[in-house]
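In what follows, subunit A forms one complex with subunit B and a second complex with subunit C.
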Partner chain A sequence: MTTLQSWQRRLSGQTISATATLAAVLSILAAWQLAVVVGNRVPPVTETVQRLGAESAAGELWGNLAISMNRFALGLAAALVVGAAIGVVMGLSRIADVALSDLTAAALAIPAVIWALLTTMWFGFGWLTPVVTVFLSGLPFVVVNIAKATRAVPADLILMARAFGVSRTRVLRQIVVPAVAGSTVAAVRFAIMSAWNGLLLAEWFGATSGVGWRARYWYDANQLDGFLAWVLVFILLLVIADLLILGPIERFATRWRNA
Partner chain B sequence: MASIEIQRLIKEFTDRRGAVTRVIDDIDLTISGETFVSVVGPSGSGKTTLLNIVSGIESRTSGSVRLRAGARDARVGYVFQDPRLLPWRTVMANLGFVQHERAGWQERAAHYLDLVGLSHCADRFPSQLSGGQQQRIGIARAFAVEPDVLLMDEPFSHLDAMTSRTLREHLERIWLESRRTVMFVTHDVTEAVQLSDRIVVLAPGGRIHEIIDVDLPRPRRASDPAVAVLQAEVLARFEALEAMGAAA
Partner chain C sequence: MTQTVAPPDTLSEPVSPRPRPAPGTPLWRRRWLVSGVTLVLTIGAWAAVAAWVDDPILPRPAGVAERVVAIIGSGEAFTNFAASIAKIAAGFAIAMIGGLVIGFVMGRSRFMASYFSLPLFVLGNMPGLTYAVFGLLIFGVGAGGPIVVSALVALPFIAMNVAEGVRSVDGKLLAMCQAFERKRSDILRHLYLPALTTFVFAGVRYGFAMAWKVEALTEVFGASNGVGFMIRKAYQEFQVDDMLAWTALFIIAMVLIERGLAHLETRFFAWRKELA
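Moving on to the complex of A and B:
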């Protein structure tokens, strides 16, 4: 294939992708507008965006967002570190796998709202409640995916490397890491989705600041546009993180599959 | 001068009930210099186990194996039954992976890629190549480390007849150019006669049954009358050995 053909193919792929994204956004807006017309007390998109502007002008938007992101980053980092360690041990050891797999399955089955309620009862109103909820909501997804990835490291490639006398560091860097990369990114994606829900609920029930708390503020005030404005922030952050950061990382880590 | 020295090698497996099965039985074998040695034998004669022990992939029960190049340990290249390429690395990066950071590896890799006729595939991923092309990359990778000793485990057994014939010709041409010490495991007598200076025939149970010298001019073609005659002779002995194994 010539370079020109390759560029044409890439450009065509990008055009299709941009069109699909635009179609998705338009269909969401159309559904929202339909709900405004036929529904009861659904504020229009414009009103919701105006309310978000007002929140920003009042200094509520960025401050609460920063607090929530801080809690989220702390909880997620802890879940990734602890989850990766447990996952690797479960992937390598049959005994650890048998000992921990039921516990992990049970943890996966517990919805984020239960963790949020439990941590609120354990820790009360404070930073620990959302951080621990994020940690507990994300942890099982990391453990399951990393364990699966560790088990999937191809043994025949390890033996090949040993036959050629390749160093352990190089085996780790060029066989183990790429072999687990795809599943690791998938683990992070699932963990973020689950932990993000956990954060909203924990701040809803057990915090006096943050995105979840501010959404509840407008809910308690019976102001639907304010409530929806914060839900919109919540959804947009998740979508942006997935589309602009995690999606490209996953595509890069698994680009050889589509070559 | 490189050499493979195997002395009184024994390999046994013990199952869960404690029953011991001997798969390599007291093998003494020395391969030295620019020699191409094939190891043939019926299924269960321990060919692959022997090669795995020689390469260090598998442990031995007793005896010794030494791979030397003069006063130092020999550098080893290995061609497996399947190509065993890293799917997430390009062809060139795959050749670089086993290179031990030695200077000038790109030139060597490019040279051997050229010899197997795949220099145009250097930037492709393995998934973009056919099975035969991947195996040729596996051969280029083994030669590109400039091994003192080259170990090959039925490298053409998963390929169709035409592809394996072409690859045998590639292999013989590269070997004639580089002249490594080769230990080549195969179940294909035709392959062994075409490529080898000596053929070690293993009997069921992992003993050496006989060693046949192949004193024919190179390069050889399967259609050469002298090659065909020797192939028929070795095949007859091989079939007799298999019949003995089946009767036992």
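Moving on to the complex of A and C:
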């Protein structure tokens, strides 16, 4: 009985949120339509979606996405590895923390566009420009959050576990991983958001392929429906990455907090 | 990894939040020393790489410092930062009004909370590039684009924090207010306002960092003054030292404003600690 009730309540909650999300999507579309009517330069929804279909048919959509994802993955992986190393050192040693905290604060304050412009001037129109920009714009977020994760490891619990002769794998699984998981997922999440922004800018200024370049191509051609079609792709990727992949992972990683 | 996790000084941290000063030297001096040494090392490494590359594409630190002094001396720094900050302030005023309304509604109704969560998520996470291009396309190179863009970027942070603050208001106090038939304005002033201010402040701090970056980006794409416009100008003239000088000024200004806001926050909410 109680399970049925709670199940019913959850279902009704889900219906409410589903209706609300549907209403939100409809409102966004309505706002877009309003922008089409009021602003004379904004292309309508149908035209944009058609253009997206045309991009896909011309083979530009998946090819450019694959190229960009390749660069993105390379830069992000480098940022995660280097950032995790620096972050763990900062979390463990107070001197390293004091020494590097001003630098990370400065690095967090640098907008991605600076990196995009600098790397364009340094490396020209090659693959290095977007990869280095992705690396540099993601790195500080990884460092800060991994340092936080390292500090969150409960030292007294580990000492106690060791005193009671708990095996190392169990300590790792049941004390370290739960404590570290939340901040680690946050590190990945913020790094992805910031690095994606950097990738788009780097490709906009200094690339001859990729999603950012393609968006600029339509912008330069003064075809706003093409640009808007790519913006739709960016937003969809973002929603998929965050709401459907990272969000559930985060909820899973931090589930012990509510339990 | 578990072996090295518990050195004695991190162990004592949760017990005594204030770090023990080392014998002899006060901690603040050591802190400055360590931080300064890293800064000097970093600039030294930069100088070494610049000397090795030996190309105007990577200017020496001394050259950039000269440009910084020249930019400040010519008054360009002041006028452009003032222009940028004025745009952000105008945008923030709009975001504050919108964020208060949306956040209040979200805090009171579950339907509204789920209704606004998707649009706010999209607004808060849209790549800066799209904001910049739309700002330029719709508003041209005037001040309108950066103002609206910084308002849109800051709005979700303020709204989310206001919603959190409204949810934190004690329901029993609210019921008591109704039982004693307090006026609406009284409830707003004495119940919601104190609860909201801390949350709004947190939202402002976070929103500011985001808004300023996107605002500068919008100015890079199209503006007639401001920090981003100067960076764009340096880029187009291929003056890397000018670009780095403006970047340095940007970082310094941002860190200073952040510290200032943090300081204000501790000053404003000092009374809270007495209550707690």
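FYI, the second predicted complex is superposed on the first by the 249 of 259 C-alpha atoms of A that agree within 3 Å, B and C clash if a C-alpha of one lies under 4 Å from a C-alpha of the other, contacts with A are read in each partner's own complex, and residues count from 1 in each chain.
Simple rule for what comes next: a contact is a pair of C-beta atoms (placed from the backbone, for glycine too) under 8 Å apart; a residue touches a chain by one contact, two chains touch by 3 or more.
All values derive from a computational prediction rather than experimental measurement.
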{"item": "Contacts of A:S56 with subunit B and subunit C, given as first, second, both or neither", "value": "neither"}
{"item": "Partner chain(s) touched by A:P178 [first = subunit B, second = subunit C, both, neither]", "value": "first"}
{"item": "First (subunit B), second (subunit C), both or neither touched by A:A163", "value": "first"}
{"item": "Partner touching more residues of subunit A, whether subunit B or subunit C", "value": "C"}
{"item": "Subunit B versus subunit C as contact partner of A:Q33, first or second or both or neither", "value": "neither"}
{"item": "Partner chain(s) touched by A:T46 [first = subunit B, second = subunit C, both, neither]", "value": "neither"}
{"item": "Partner chain(s) touched by A:T15 [first = subunit B, second = subunit C, both, neither]", "value": "neither"}
{"item": "On subunit A, positions contacted by subunit B and by subunit C", "value": "156, 159"}
{"item": "Touch list for subunit A against partner subunit C, complex", "value": "13, 16-17, 19-21, 23-25, 27-28, 39, 41-42, 92-95, 98-103, 105-106, 108-114, 117-118, 121-122, 150-151, 153, 155-156, 158-159, 168, 171-172, 176, 193, 196-197, 200-201, 204, 212, 215, 219, 224, 227, 231, 234-235, 238-239, 242-243"}
{"item": "Sites on subunit B touched by subunit A in the complex", "value": "55-57, 75-78, 80, 82, 84, 86-89, 97-98, 100, 124-125, 127-128, 145, 151"}
{"item": "Residue numbers on subunit C that touch subunit A, as the complex places them", "value": "1-2, 4-7, 9-11, 13-14, 19, 30-31, 34-35, 37-39, 42, 57-58, 110-119, 121-122, 125-130, 133, 137-138, 209, 213, 216-217, 220, 228, 231, 235, 238, 240, 243, 247, 250-251, 254-255, 258"}
{"item": "Touching residues (chain side subunit A, partner subunit B) in the complex", "value": "156-157, 159-166, 170, 174-175, 178-179, 256-257, 259"}
